[in-house]
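In what comes next, subunit A is part of two complexes: it sits with subunit B in the first one and with subunit C in the second one.
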Partner chain A sequence: MSTEQARSARTKGEPLLSVENLRTSFYTDKEVIRAVDGISFDIFRGETVGIVGESGSGKSVTARSIMRLVENPGRIENGRIMYDGEDLLDKSPKQMRSIRGGSIAMVFQDPLTSLNPVYTVGNQIKEALRLHRGLSGSKATKEAIELLEAVGIPDAHRRVREYPHQFSGGMRQRAVIAMALACDPELLICDEPTTALDVTIQAQILELLEELQEERDLGIMFITHDMGVIAEIADRVNVMYAGEIVESAPVVELFESPKHPYTQGLLNSIPGQGLDENERLATIEGDVPTPNEDPTYCRFAPRCPKAFTECDTVHPEPVEVGDGTGQHRASCLLYPEDLPTEEAVAVHREGGQRGGDTR
Partner chain B sequence: MSTTSTEEERTTTARGETILEVNDLKTYYEDGGLLGSNPVKAVDGVSFDIQRGETLGLVGESGCGKSTLGRTLMRLEEATAGEVKLNGTDITTLSGSDLKQFRKDVQMVFQDPDSSLNERMTVGEIVREPLDVHDWKTPSERRERVRELLETVGLQEQHYYRYPHQFSGGQRQRIGIARALALEPEFIILDEPVSALDVSVQAKILNLLEDLQNEFGLTYLFIAHDLAVVRHICDRVAVMYLGNMMEIGPADELFDEPANPYTHALLSSIPEPDPTVERDRITLRGTPPSPRDPPAGCPFSTRCPVKIRPAAYRDMDPDVWERIEIFREVLRERSRADPSLSDRVRKLLGRESHRAGMDEIIPELFGDLDVPSDVMTHVREAADYAENDDENAARTYLREEFGSVCDHERPEQLAVGDRGRLSLCHRHDAEYEEPATVFETLVR
Partner chain C sequence: MSRWQYFLRRVLMSIPVVIFGTTITFALIRLGPLDPVSAILGTQYNPQAAEQIRTNLGLNQPLWSQYLDFMYELFTFQLGQSWVIAPGTTAYELIEIYAPRTIWLGFWSVLIALFVGIPLGFYAGLNPNTPSDYVASFGGIVWRAMPNFWLAIMLVTALSQLGTWTNGLFTWQTWIVRTNVVTPPALGFFQSPVEQFLADPGGWTESFIRATKQIAPAALVLGSASMGNEMRIGRTAVLETINSNYVETARAKGVSGRSLVWKHIFRNALIPLVPIITGEAFLLLGGSVFVETVFAINGLGWLFFNAAINGDLPLIGTLMFIFILILVGTNILQDFLYTIIDPRVGYDG
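And now, the complex of A and B:
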């Protein structure tokens, strides 16, 4: 869907998925790590929402939390995940099993680990068809062949009877996508689906996802660390840092006028941004911290070139920074821009006083 | 082509002295079969040279042979044929003390800082090991040297007694770089040194590598698949595909005006970090062929979007032409896969083997198109061969009918421009249209 369309879809109708104040923590002997710490975002039908961030920023844990695939010692501690008017966190394991792969499907980074090496690709697609749609026998085979054709695998009649090792990397990812589509999901969660692939194959997969989205009006949540891929596929982008969403904006706006110092740093450190050959790359000092305590301060402050004293004592809340449509928000004490710093800080301080945990 | 004066200067200084010269190098992996083995042709005849002080980028998709080439230059793999001359000496035949001396001059930094550092050794021991092996000066001088090296790469002296697991990915890569610098090599092979790192860390390592090059006058071979990184750091770039060097030339020129169709397609498939860019993407079909069984003609002929067509079919509808190419690819894929045990049993029992199924494929591929009848006759003929389980005959038939110089003849590296750029493509021959011209018509 073009960004214009997506933008207008946003203004009307209910979101397909709505994550509110989600917190997922991991309990280790040493500390409690808040891998995802109070994030909120929406995904609308036919829209691609990108989540970017460096490793350890909590992107994958977000995806796993939505699918309720967080394993011990991880725990979803707070928040709501509203899908179709119901909170996914209230579902029983059995209900969850039918949602997973049914109306919400997921594509993982490494296609080899999501395919079972001892079954043919066809069998694995048919398993999903049997579990979620009650198809079996030749009907299921026919459907599986059609799905493989839909994701652009030539010679599907024969391919359906082959094993994963007989497929190339790009083909495997196509097969995984076919499997995800088997039950006509409304929401597709892609966790770095092209990271393990070469650029020419990545281009094929991105094109495929766009086509499928157009055909089926899919909502896609796309996780990646590659800003190029995000620019290409997303309609809307959430930037994550140390478990929090620090900036959220429509894709064009984010790349044109990034507001949060972290987003700015991230974009500047990509080589080839009209940089002269002899110019040095901009860097962000220090490393991503481990989010292991209550967010009573800005987690980016130690690395931030624009940090000031209050950054260590006041937790920044998401505030409107765009053109007034409420589409562009950043969590940084520098904003709202039109207020003097002290007043801006006060806005964040008050914002932090709102209600506590709901769970 | 006009060049600015600074670029000219850089080119002339870079062209000072050849440090490494590679001639028709081949590295094959034999599978050790007793009878007629069919080796993997990882590097299949490449030639290039590297000037002192320059950075040559080596790019390509996984499996194209770029890492094998790097390892062969290091003598970590034995070359099957060809020569590699470092400062004029062929290193593929070195042994004994000569080999040991060579190992001092050439060092390597690996992609994965997790697996290339020994977890049981302290950082100091890791960086000191090459000094110990080569019996460099006295032990106390070695320790002094290690401390110096740690500082050079941006680590601290007190890191000497720590273990690799106590460091982040970027810091570990610094340790790997310190180890590579220990013996003051003149030539360093960087095998995907920043691929495993996040962008903000990646930028720091790239800056460090540039500083070190300026400080010590190092020569780099920079192997990577991230083309933005390569463009930033390299003076010249070589593009590999299926063991062959498709194009080599100055980085700016190669990126701005790629000559080879493969380079063109590769560059157009990189997502640009700018959502407003409307690009005419060339999406390649399929995957690279197996390096055990490379195409007889041009290595890129199976996927090339601007392949030369035989004269008789030059004006054919592009959709029909594409379907024929897909059909050929299907057959190629089939002949590559071994029949499974159940297939063989089925065949023995006289039951229909699913390897056939041509009656399903032909309508699927050509059903919705208006295919000229003579073309369809040829397609059916080939399908008949395939139906009788003779994919190779079908492939040969199609190659004879629809093949061109690209399928039959291996192209030469032809000169493009006047700055020493070479490109492996028949289209640079005056007889045919240049790839760039054909791409333009494709995009429209």
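And now, the complex of A and C:
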């Protein structure tokens, strides 16, 4: 779907999935790590929402929180995950099982290990069909073959009886996608689905996802650390840093005028932007900090080239930074741009006092 | 290459292994320091008699012809006679007397290991880092750490003393059915079991229980180390599988807990357990020699040990041949189980 269409979809109707103020923490002996700390975003039907960020920024935990697949010692502590008008966090394990795979499906990072090696590909697709659509026997086999054909696996009749190790990497990811689509989900969560694949296969998978989205009006949440992939597939991008969303914008706007210093840093670190021979590629020094306490400061401040004193004492809240349509927000004390720094800081300070735990 | 072609190839490849093993056995017997003639004559040794026996037994024929005879007879299952332990008795008769006891012992010790060790390990793996996991894991290490010879003696002592310790309230000897602590199990009920059971169900059941009780302490000792092993490996295998991506994918697909465990975890966790189980099955052959001695079970292990120290050459050769067949058979069984469980098995990646 083009960005224009996605924009118009945004302005009308209810979002398919709405995450509000989600916080997921992991309890270790030493500390409590807030892997996801107070993030909010929406996904609309037919829209692809990208989540980018470096390793350890909480992207995958966000996905697993939505699926309620966070395991001990992890806990979802706060927030709401509204799907179809209902909070997924209030669902019983049984209700959740019928949602998983049924309404919300997930594709994982490594296609080489995402399929159970001791069962045929067909068997695993049929398992999903049996669970959510009650299909079995030759009906299920027929449906599985159709699904494999739909994701572009040639000779599906034969392939359906083969084991995962007889598939190549790209084929396996196609099979995993077929499995995810088996029960006509409305939302597809892709956790770095192309990271383990080489670029040509990566392009094919992205193309496949786009086609499927068009056909089935899927909402897609696409997690990656690859800005190039995001540019290609996403309609809207959320940039995550240390468990928080630091910037959220439509894809073109994000690439054309990134506002948050972190996003700017990320975009500057992409190779091939017409650098001179002797110029070095820009990097962001340091590592992502471990978010283990209530944020009372900007978590990016230690690495931020534009940091000033208040960054260590005031937690930035998301503020409108775009053309006034509310589509582009960044969490940085430098914004709103039209205000002098002190007033801008005051805006964030006030904003920080409003939010509280709902759970 | 398909899985079954692979399996067939493994079976064919075991033939040279049997030939090689038997050849080594022949070499050890005939080139070693054992002199069968002095073993047969014992204290009544005199050169004439010795020469006479040598001619009778064909021991002064060239070695290569002896080797060919040896191999030919074993491979056509003409297993010969005992020379020293029970002169004139055929190996078949001896095996018929001694083997059932060993099989009975091995059966129960493998069963204990399988049905206690593996479930315990799987349970611990499914509930990692809980108190019950700690208890099971610690128990596994303790079982694993107790050597057979020590455990066997301790168990015999404990069972014999139970009556004294409990002031006669409970004695092992009189518990359920009357038996001795150390004794060969009475396995007569296995000869035509169906007719015997039909003729006297109560009596047959009682002798079955008696034989089981007689073998229980020895089986527990023999199975204990394997049980600990299988528990530990089972736990690790389950933990590894439970954290694998395909299990997470299955969960994301909405598979319920029970089906997750039985369909997706169980079969994958069995793969590393197969060689452990079959490996222990033939460990029982060697281990049984000692346990059989302590518990006076007089099985194959005991027979082999006595044949060896008495220099009963044909009996050693025959028993070795049978042991080799059992070992190779277990290996084939292992390949068979692999072929069933894991579709990736094969020569080409």
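Of note:
As a working rule, the second predicted complex is superposed on the first by the 358 of 359 C-alpha atoms of A that agree within 3 Å, B and C clash if a C-alpha of one lies under 4 Å from a C-alpha of the other, contacts with A are read in each partner's own complex, and residues count from 1 in each chain.
Here is the rule we use: contacts are C-beta pairs under 8 Å (C-beta built on N, C-alpha and C of every residue); 3 or more make two chains touch, one makes a residue touch a chain.
Since the structure is predicted, the reported quantities are computational estimates derived from the model, not experimental observations.
Looking at the shared chain after the overlay, A:V199 reaches subunit B, while subunit C stays out of its contact range. In the superposition on chain A, contact of A:T283 is made with subunit B only, not with subunit C.
In the superposition on chain A, A:A105 makes contact with subunit C only, not with subunit B.
By the document's definition of touching, of the two partners only subunit C reaches A:H165; subunit B does not.
In the superposition on chain A, contact is made by A:S55 with subunit B only, not with subunit C. Looking at the shared chain after the overlay, A:L266 reaches subunit B, while subunit C stays out of its contact range. In the superposition on chain A, A:D184 makes contact with neither subunit B nor subunit C. By the touch criterion defined above, A:E350 reaches neither subunit B nor subunit C.
In the superposition on chain A, contact of A:H225 is made with subunit B only, not with subunit C.
On subunit A, the patch touched by subunit B and the patch touched by subunit C do not overlap at any residue. Of all the residues in subunit B, the ones that touch subunit A in their complex are 61-62, 168, 170, 198-204, 206-207, 210, 225, 227-229, 231-233, 252, 265-266, 269-277, 281, 283-284, 286-287, 326, 329-330, 333-334, 337, 354-355, 357, 360-361, 364.
Note for the complex: subunit A touches subunit C at residues 67, 69, 97-102, 105-106, 108-110, 113-120, 124, 127-128, 131-132, 163, 165, 176, 179-180.
Chain contact summary for the complex, subunit A toward subunit B: residues 3, 54-55, 149, 154-155, 157-158, 161-162, 166, 168-171, 198-204, 206-207, 225-234, 251-252, 255-256, 265-267, 269-273, 275, 277, 280-284, 287. Subunit C contributes residues 244-256, 263-264, 267-268, 271, 341-344 to its touches with subunit A in the complex.
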